[in-house]
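Next come two complexes, and both contain chain A; in the first it sits with chain B, in the second with chain C.
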Partner chain A sequence: MQLSRRKFLKAAAAAAALSAAGVSTDILGLAGDAGADPGGIRWTKAPCRFCGTGCGVMIGVKNGRIVATRGDPQSPVNRGLNCIKGYFLAKIQYGKDRLTMPLIRKNGGMAEASWDEALDLIASRYSEALDRYGPESVAMFGSGQWTIWEGYAASKFVKGGMRSNNLDPNARFCMASAVAAFMRTFGKDEPMGCYDDFEYADTFFTWGANMAEMHPILYSRLTDRKMKFIHVRHVDLGTQVTRTSSSADIMILFKPQTDLAVANAMANVLISEGYVNEEFVSRHVAFKKGLQDLPYGLEINGKNDGGAGFRDKAGTVDFEEYKRFVSKYTPEYASRLSGVPAGKIVEIARLFGDPARKTLSLWTMGMNQHTRGVWINHLVYNLHLLTGKISGPGNGPFSLTGQPSACGTAREVGTFAHRLPRGVVMNPAHRAFAEKIWKLPPGTINPKPGYHSVEMARAFDRGDIKCLWVMCNNYFQALPNVLRYRAGAKKEGRFLVVSDPYPTRSTELADVVLPTAMWVEKAGAYGNAERRTQFWEKAVDPPGESKSDLWQIIEVAKRMGYGRLFEYNLAEYDGKMEKALFEEYRKFGKGAGKDLAPFDVYSKVRGLRWPVVDGKETLWRYREGYDPYVKKGQGFYFYGNKKKTGGRANIWLCPYAPPPEQPDKEYPLWLCTGRVLEHWHSGTMTQRVPELHRAVPEAFLSMNADDAAGLGIKTGDRVRVRTRRGEVTLRAVIDGRNKPQKGLVFMPWFDEETTRMANNLTLDAYDPISKQADFKKCACRVEKV
Partner chain B sequence: MVISGLLVNTLPEKLDQVKKELSGIRGVEINSVVDDYRIVVVMEAESVEREIAVSNHIAGMDGVLSVNLAYHNFEEEGKTCN
Partner chain C sequence: MSKRSINILLAVFILVLSVSVYGCITIRKQAATAGGAILIPGTLEGAPPFIPHDVEDEQACPDCHRLGENEAVITPHPDRVNCVQCHITQDMSVKPFVENTF
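Here is the complex of A and B:
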């Protein structure tokens, strides 16, 4: 490298970091405004490809290749910084094993094929299944990593074209419980607040969320706030000590599933010690009680326990009944269940309720991947509603997301088995509305909800679904109890299509594999966890013959005779299919609390938080002065519940209930699965650097020191982990970065080596309300090998 | 050669200790300290793999709250540095 270029780049690197720290680099006289690079790099904006934080990235392109990235200084989300997963952005598109040609299974092997051949085959197999077995025999499993228009096109194709509702996203594994609880509490999905809350909150609660590793940029905003203001406190609740817990002021370690009891006991303390905001509760809150004894979505002797089609029955109760309900959850009772000292529960409840402090709750998988995930989400909303700490700067329940467009695509477009872009398939008015916008004859859309994630795999296993198209996710590694479903996919008479940029555990089972253009190899749009819709333009060409998911969906639709769904006068949309689809999609949210700006606006701005009304974004929903849907004098107005409760939010009476599988003599330990920073992309990356011995090349089993000692296990030993479903063999890590409580072991689910796949072990039980599986709790046995 | 600019947030009381540890890592230069707890770091490495490993290593250091990436140039990955 030429010295001057190297010097320039180092100056640019320093200047970028300095300006992100708030130092004006002009004063220091450093070169390095990345926009004025003499090295010929052209910069464009995009949201990050990874987590749901939705950080802005500037992408530097030279000679048709991405050669540099930079945290976007203009992005209000991340203000010039990315987390260290940003390093992976250099690699994600340029892996040596990128798929570049369609592949078709022939004589047991995969043979390269033309697009025409592959698409014709898919269309004919889908059409044949539709003719012979009807719309319930075809399915698509999509993604919270789809762009907004890809999800929209998929919905239109599956629901408006094939008249099937067998469309579900991997977001069902990720935040369906948050969605269901938002809907049941506020009548509308997604957080009311936004990331600005981080700069106003006085007390942060993280509930089973290791933000330090999973949402590092937001976590930096949390720690920055703590650094600058000495009174700020952070309470971390979880089943293991993580990097997040180690920087928290108070750590609450509870036994798996007993978060239900702890949260109820906190509500009890708030009530008995006078922390209730009586005025808020009397004006803006209603009380609901649903069924208390729910199934777990398990198949027992081949028969579903009732979870699959479960519908809750809600009744209205009053504040007095709610008070009686939580009075059972004394701190002492919750302490017996959870192992948390009663005094600690009182202490954190007081901190939560302190009227002089603003309180922000943050969570992700720990609460959502839970067989009572909807309930624990409710129980946290209850605390915010009792104290009126909601919908204002620094106050609110804030569910984070793991995927870049779990909100923008899966939730907002509504690529779920029961959803439409506005409303649900069960509702005749909602169907009619979609049929009108989609220009379909009345009665086209099927009123029966389709199969949701786990049930989709079961139906494929049984053979009720004949054709399944997996897009933009790794279904046959991500499913709980995956061995069963992998075997199902291999059965005769199943036709599996997988679209992906890389070979995966899912592509290896497929009959047709389609090579996919990813991220900035196509134009896209994502929606992040704070309702921010962000666009990007295509920056580089995809390799070989790879094509976007959008193109693939439309081409198959055309070949099946649904081409009219995607016929637009593109001249009106600057020749862009993406614009035509987005402008149509926008009609669904308009006036319904989900107003989006016109397509062209998003090309210029660093995203906008919906509802966008009269060109203005909304920072706090449901609050007078911030939300255009709330009138003067209303104070708060939960307009999602306008019809049902006159605009009040619901407090739900949700009890503690045990999980479906608990440790016993044979399987004495809890198994929790999750992620670690290094394994987002590839654990082997760290393996090649010998001077850093802390590298973790493969999935490992994190153990509590006492449990390990009892079994004679030391760090580095090979251990076998068994559950009733399967087994894996891993190396043990004791007192690593994650420190599980006694009786619990943790493993990351990333590793795709079949002998180390976490989902060989997990239980395919799910929350019967949200249908989200619980990857955090099952019983296992560990032995040294 | 790949080059990156990082912002390392530390606990103020551990700032000196972290600075000392950082200065022992090959390819890592401390550019400056901002607000008494944020260290501006420029890193040169032969590969993105090494960058990831080093930044993970820094993130795991005692006293480090977070490590964030401001700038990353990999136009010369694979070529050696002079």
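Here is the complex of A and C:
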């Protein structure tokens, strides 16, 4: 875009004045989405396709193709910087094996078909299952990578159309524990703070989070802060030394699952050494105790152990009971369980509690992928609530998300088996609210929660679910104990639809494969980990016959007789279905603490953090002076708990409990799975970028040097890893980027080669409260081959 | 100062500025062999240069790249510490996963 210097200065001054007043800037169209540069490249903005950090990127388009991407200097998230995946975004859409035609399984092979044929087939199979077996027999497994309107359309289609609640996202593998704990603690989901916290914090706690690889740009904000201010400290807690540990002043290596004991012992120290913020606790905190002996979501001899339908029973207790509860967790007791020296626990508790320091806790999968994931999330909130270090610049528990719209779509739209865009299906008032907005007759929405991720796969395996549509994720590589569920999907009478841009381990099992437009081949909106809603425009056409998930959902809905759900007078919405859906969706959050700005505003700005009230975004929720929902004089107000506790946040009494499978003689090592910087999830996109593939061409096994020596294994040796469920063969790496503690091995899960798939090995246990699977802990055996 | 040296200074200044604005932008396309082992073709415009040698210790990059020891390229952004977040190695012996038509 051509701006004269004078005009630019004026625009900059105006933008500065506006941002000082809290009004969104960029109203002058400086967003960079207009005009072409001298090379004839048109630049447009988008959030990165990958992680929940939500970096802004500029995309250069020429002759209908992406020719370049670069970090967006105007994005407040990343200020022009990207991680290596972001720099190679330009290539993710151009793998040569893009799916370009619908495919239908015929005579054992996949045959190209027209959209009409494929959509008619899906509609007829779904309708037939609904008629014969009812709404419990149909399902959809979606994603935290869906755009906001795709998730919203899916919810409308499944819950408002088919009257089924069998809609769940891969977010159940990702941050469901954080959601459940946020809900139980604050009555509202998602972090209270924002990325500005990084520039205010004095002490960073990373809890089982390798941010240097999984949230690299946020990690660079952490290290920036630490480099500039000598007093800043970083405590890294985990089961292995990672790249993130390199900036740590204190490294806490605990035995898997014993984070529960360590966090309780820290609370014990905070209380016994006088670090409790008594005023905050007496005014703003309540105490809760739930059931203490929980199942693990395992099937034993084909019978569920009670995890599937588990509902917690909670009661209110007082501070004294809580004190008695944590008094058992002396640093010495926690030390015996965790292997962390008692003195270290005391030291980090004091650092945490120091009233002169602002403390930020950061975590992702280490805490969330945990059979007691909700508990460990609670135990960290407890520390922040005891000390009042919450909802203010630099202070707070900050749960990071793995996926680009885990927050914006899965959590906010609520594409879970029990959720609606506002509230839950079990609540009659919430159902009535959705029915009103969706213009449905009262009583349409099914009050019974549907199958959640792991149980969905089990129901498909059993045949209780007849039709399953997987969208925007790679379910049959991502599931724990995946071999069992892959076999299940192949059984007679299962109808599987998979929508994807590329062939995957899931498409190969499908009866119908739908070629899908990805990322900037369609208009989209994502919500990142700091509640920032970000829009992008369609930049290029998708290849061949590919269509967006949104289009696919609406076309099937129409063919099943639910077309009315998507009938809008599009002339009112500039002809855009996306706008019609978003404007309707916005009604769910309005006045309920999740206010979103009008559609058109997001087209111009670099995202806004909700609640957006009177055009102003919210940086810190629940805090007077920052959050429009908190009145003068209230100080803090956890309004999500208005009805239940009068606006107090809950401290929960959660004990240590052992994991369901532990190393033994036969399987003597812990197995932890995860990601690497260069690859995204199951590698569908990043393995097709030659540069990322050449950096990490295959999954590897990180080993502790002592363990490796004991087994006669050196770096580069081929090793076989076995668990009770399956095996993989990998190359061993000793003292690589991951340095596991003794007794633990680590492997990434991106690799789709069947002999290297991490989920051949993992255990399909889950947290019974959040139903989130645990990919971090099971017992394995390693041998040289 | 001659006009020429002022021009050079200006060019350097603009380069540094563009680097700080766009993050790890490539200054020139890299086709270097160092350590003799790995040959790396030109990287993507706007992407950071690859690491053209084996890496033994990921944390040790600044030892050479801060001041240019051992003829190393001097980093234009010594304030960024997690080098391997943007700069990656390339194993050119690896078979492509699939062809990319970018």
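Going forward, the second predicted complex is superposed on the first by the 733 of 785 C-alpha atoms of A that agree within 3 Å, B and C clash if a C-alpha of one lies under 4 Å from a C-alpha of the other, contacts with A are read in each partner's own complex, and residues count from 1 in each chain.
Keep in mind that, in the parts below, a residue touches a chain if its C-beta (ideal position, glycine included) is under 8 Å from a C-beta of that chain, and two chains touch if they have at least 3 such contacts.
For clarity, every value in this text was computed on a predicted model and none was experimentally measured.
In the overlay built on the shared chain, the residue A:212 is in contact with chain B and with chain C.
Once chain A of one complex is fitted onto chain A of the other, the partner contacts of A:95 are limited to chain C, with no touch recorded for chain B. Applying the stated contact rule after C-alpha superposition, one finds that A:62 touches chain B and leaves chain C untouched.
Of the two partner chains, chain B is the only one that A:39 touches; chain C does not reach it.
In the superposed model, A:83 makes contact with both chain B and chain C. Touch criterion met: A:227 reaches chain B and chain C at once. Judged by the touch definition given at the top, the superposed model places A:487 against neither chain B nor chain C.
Of the two partner chains placed around the shared chain by superposition, chain B and chain C are both touched by A:71. When the two complexes are superposed, the chain touching more residues of chain A, out of chain B and chain C, is B. Counting contacts by the rule stated earlier, residues 67-71, 80-84, 87-88, 90-91, 212, 216, 219-220, 223-224, 227, 247, 677-678, 688-689, 691-692, 694-695, 737 of chain A appear in both its interface with chain B and its interface with chain C. On the chain A side of its complex with chain C, the touching residues are 66-71, 73, 78, 80-84, 87-88, 90-91, 94-97, 212, 216, 219-220, 223-224, 227, 243, 246-247, 677-678, 687-695, 697, 737. Remark: chain A residues 1, 3, 6, 9-10, 12-23, 34, 39, 41, 60, 62, 67-71, 80-84, 86-91, 212, 216-217, 219-220, 223-224, 227, 247, 677-678, 685-686, 688-689, 691-692, 694-695, 737 touch chain B in the complex.
The residues of chain C lying in touch with chain A in their complex are 21-25, 43-48, 50, 58-59, 79-82, 84-92, 94, 96-102. Taken together, the chain B residues at the contact with chain A in this complex read 1-7, 9, 12, 26, 29, 31-32, 34-35, 37-38, 40-44, 48-57, 59-60, 65-77, 79, 81-82.
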